[in-house]
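Worksheet: the structure to be examined is printed underneath.
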Amino acid sequence: MDEITGKWYLETVFPDLAIMLRVQEVLYSGRTKYQAIEVVESEVFGRSLVLDGKTQSTEKDEHIYHESLVHPAMLMHPNPRTVFIGGGGEGGTLREALAHRSVERVTMLDLDEEVVDLCRHYLPQHHQGSFDDPRLELLHQDARAYLEECDQTFDVMIMDLVDPLEGGTAYLLYTEEYYRIAKSKLNPGGVLVTQSGPSGLLALEECFTTIHNTLKGVFKHAVPWQVHVPAFHIPWGFNLATDAQLEAPSDIDAAASQRLNKALRFYDTETHAAMFNLPRYMRESIAEENRVNRDDSPVFMV
Amino acid sequence: MDEITGKWYLETVFPDLAIMLRVQEVLYSGRTKYQAIEVVESEVFGRSLVLDGKTQSTEKDEHIYHESLVHPAMLMHPNPRTVFIGGGGEGGTLREALAHRSVERVTMLDLDEEVVDLCRHYLPQHHQGSFDDPRLELLHQDARAYLEECDQTFDVMIMDLVDPLEGGTAYLLYTEEYYRIAKSKLNPGGVLVTQSGPSGLLALEECFTTIHNTLKGVFKHAVPWQVHVPAFHIPWGFNLATDAQLEAPSDIDAAASQRLNKALRFYDTETHAAMFNLPRYMRESIAEENRVNRDDSPVFMV
Amino acid sequence: MDEITGKWYLETVFPDLAIMLRVQEVLYSGRTKYQAIEVVESEVFGRSLVLDGKTQSTEKDEHIYHESLVHPAMLMHPNPRTVFIGGGGEGGTLREALAHRSVERVTMLDLDEEVVDLCRHYLPQHHQGSFDDPRLELLHQDARAYLEECDQTFDVMIMDLVDPLEGGTAYLLYTEEYYRIAKSKLNPGGVLVTQSGPSGLLALEECFTTIHNTLKGVFKHAVPWQVHVPAFHIPWGFNLATDAQLEAPSDIDAAASQRLNKALRFYDTETHAAMFNLPRYMRESIAEENRVNRDDSPVFMV
Amino acid sequence: MDEITGKWYLETVFPDLAIMLRVQEVLYSGRTKYQAIEVVESEVFGRSLVLDGKTQSTEKDEHIYHESLVHPAMLMHPNPRTVFIGGGGEGGTLREALAHRSVERVTMLDLDEEVVDLCRHYLPQHHQGSFDDPRLELLHQDARAYLEECDQTFDVMIMDLVDPLEGGTAYLLYTEEYYRIAKSKLNPGGVLVTQSGPSGLLALEECFTTIHNTLKGVFKHAVPWQVHVPAFHIPWGFNLATDAQLEAPSDIDAAASQRLNKALRFYDTETHAAMFNLPRYMRESIAEENRVNRDDSPVFMV
């Protein structure tokens, strides 16, 4: 059996460029009511969750993604007690949020119950039992519809969604209208953070920059950062937004060890500096961006 | 999800040329004591059995391979009552042999019990229950060692093996020494037939031609033929050998409908003519071949 | 440098199945007025001509295709003196037609002058100088428009076209209307032959069967055959049609050596038998086909 | 022509993971005395230089690589007048070094004259005419042998080499013995900088960490950093080493605009912070590394 023969997962990263990943097993492959879902296992990444052909997270590097999404916002907030999670079916975001001792309640909305059930079964290293935490309220309905109706408010809201693809399930959770609704459910001093898609040089960065620009129009402050998640192949962007005057702790290591009930694997003071100092081209792209995602004119990821 | 993204099975057909097959499911993937085995399902081929990275047979076209292997020899023999099958784990060769009303006993040796068990489970369209036929004696030991010891003899011996790869399980079942043993267990008027590997223009034809030449040195008559099995991508060769003066029925359709308990799907009079009239380049390659597969100097498929 | 790294040509053969061919050089890549054209060189096939992403012919096996297209019709005709070629830009069909000593004039129409010029430059092993033969009249205009206007007639008409793809340049040369025009330019006893696309089990055979059925409605006799051309990966079909009562010579070898000024490499008596005895499934598909290609309702190759 | 069909460059990034890049043209493909060289053009990356199957730099992002390699060392040095470049055949490193107004002489050693000539011809956007600068002395001999013999000394030495692959041309330019030779040719206050291979989470980071550890044993100070170069798919590492007490300018933008004769595209104050703050896992890998590259026991990149 030579080096080519065998089972591969091919994934287009952007037009004219695809990744070939040799897989050991396809643990699950099917369609839920909302999307195609695959769980594949590879020597490179361990178990990967793939939704509609896009790798969402993998066993070997999901901690980079999830720590980068959750902890900057959680540690910037002085005392997060109530957390809202939109999406996040693998349970990694939930796991990281629950690690904060201050957290009393997490309300997590993932539209797709089947995805959550499959993740609970196939991705134990992702959730590590966090779905059983009594502080969790897990609901399977549209996050936006829920927020419009709910009378709860939150200290931190974490949007861990699939990318804003045309025809996808999530693009209405990246718009100005959505962010206004979300903001109305934030407690004073609250923070919203969202995964924001690729932030690289060559393609697709419009997702990252328009989300930033949209947040900036709704909140007083919006802060972008990026990180290299190996399974995504291109740098990945995040944005947080708040009306409060918040700063990251100058000593993140100290803050983390004081406020979390576990040691972090990726995020620390020096890593924070690497993440929040964007390369010049991203700062320039952000500065030049003037589009705003609106319900009737969203900027889809191509 | 675009046209590239997704699960693929890649298979090198010969150096510098590989096939990309989009798969719907990987039904099984593992290693037995002897070889790697995968059962993949695709829109193109249905369920495929893959051993050590080589597609062995598929739901959509296995009837072409199995009818081409079994019936020329069975119909050339005037009254086959006892059949020996070497290999053939999917059960397709067995199914075709048992369709001959004259058959009273089939002794099938497939070294790899796990492969047979997995085929019984995953490939019901291949065997169609033939493993339950009371005429079958199924053994899991080396065909050559068995024949050396056994005191049974056979009218037709069908070798349905993996290719003679270096380091593989089967190359000692393609040698002059093996054919002498097998011949000693053939009844008078008996026929031996073997799958013989690729028979195409561009590569690998040495397998086909050396098997033919080896058989010709052991038996009075050796007859080559080939057929296009879509899943193999290159024409596939077979050889039968006998000391008897045998002829194919001039009306294969009539012979088949008289002697089989089912209708054939592929093999008939006109198809026989297509198979047994080799293209010129194959006749030339056969004429030029002077190597003989011997235990200590086999011609491996590269 | 491992077994994957390097330059490859990927070609979808049919949905969900593609070929990966390692290439040594891309000798030419561009667009003519009518189509994309590439000349790639590989260890497997030597130089290949690719039009609109479909391999048309390769150095290593073009003789199989061109001999199979040209000589059955030419040898069936008792004395072909005038030949019409539609398409055939590589010059291989021309080369084979000119090898018949009886031929006094070949009128070749290939719409795409750039393709012909590039083939003359890059594919010398294909044409072998045949474009310089004084018996050739080479024109670059639409074959159908030309035939409608011309006052010449022909003994043999050879259609060596790209497949009838929607939006392509050729599908109006596969229709009933076209065949009526062509027939009107055939001399008494004349023969028309056309390449007819894939003729395999699994896909695309509608091209072959509808061309056959269309010819059968226009001519008294239509004869199908197929051959395995390695570069096409699936069996390839041809059809000839005539109003005359013609038979292939019973001894093709003798006829060829008498009537041609060179030895053939592929086509001979036994190969003829392999080609004209179709496998059962193709005979069944042909028998079941009732569609006719018409200008306003062609059956496109998918 | 569908999304798969066409010309691709496949490149294994690490075991079980490869990149598929659709190419528009293969501009050059051949072998020099020392290595295989290809220049391919793609929509994604523009023109790419590939040596022995490894992408070295591309038109769209070479400025990231070359600015990251050259300017940290050049700006850390207070007044670099003489520069040594080992490798760097594309001319991008040369271009960046010559942009420093203080530079009076650059001695560039690239073993492979053919590579340099091909780059001059095919990659004008890389070198931008810098090979014609009168300050350049360009030699085609082994950098190590040259340094052992030469009586010149340098303020900055820049090693822009292919990775230390077994059997490759460069691994003896990454060893302790080599660094001692190089150090002996550095002026007081001088700096040596070297590209250092992948610096990612999942594989191959041993190259980066052993180079760092080896430099640390030879020089008083060694400083690692990394950057995301899109064409490399995984983060890329660099190291500089010096015996002097040097600091990066606190305002890199001011220093660059004062000392360079052109504006930089990538490197600036904030980007510097992103590059020199390594993610935690890299700091941990560096801290744990205790191997030293020696001539007789180098750590090859796998």
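We just call them A, B, C and D in the order they show up, numbering each chain from 1.
In this section, contacts are C-beta pairs under 8 Å (C-beta built on N, C-alpha and C of every residue); 3 or more make two chains touch, one makes a residue touch a chain.
The structure displayed is predicted, hence computed values, not measured ones.
K.L.:
Moving only to chains each one touches, count the minimum steps from chain B until you reach chain D.
P.N.:
The fewest steps needed to get from chain B to chain D is 1.
K.L.:
Taking all residue numbers at the chain A to chain B contact, is the shared part over half or under half, that is, same or different?
P.N.:
same
K.L.:
Pick the pair with more C-beta contacts: A-C or A-D?
P.N.:
Top pair by contacting C-beta pairs is A-D.
K.L.:
State, to the nearest whole Å, the distance from the C-alpha centre of chain A to the C-alpha centre of chain D.
P.N.:
About 34 Å, centre to centre.
K.L.:
Counting only Cα atoms for the centres, state how far chain A is from chain B in Å.
P.N.:
Chain centres of chain A and chain B, defined by C-alpha means, are spaced 53 Å apart.
K.L.:
Indicate the whole-number Å distance between the mean C-alpha point of chain A and the mean C-alpha point of chain C.
P.N.:
Roughly 56 Å separates the two chain centres.
K.L.:
Which residues belonging to chain C are in contact with no fewer than two other chains?
P.N.:
Correct list: 2, 4, 10, 18, 20.
K.L.:
Given the complex with chain D, which residues does chain B contribute to the contact?
P.N.:
2-4, 20
K.L.:
Quick check on the complex: what are the chain A residues that touch chain B?
P.N.:
My answer: residues 1-2, 4-12, 18, 23-26, 29, 36, 38, 40, 52-53.
K.L.:
List the residues on chain D that touch chain A in their complex, please.
P.N.:
10, 14-22, 42-45, 60-61, 64, 200-203, 227-228, 230, 233-235, 265-268, 270-275, 277-281, 283
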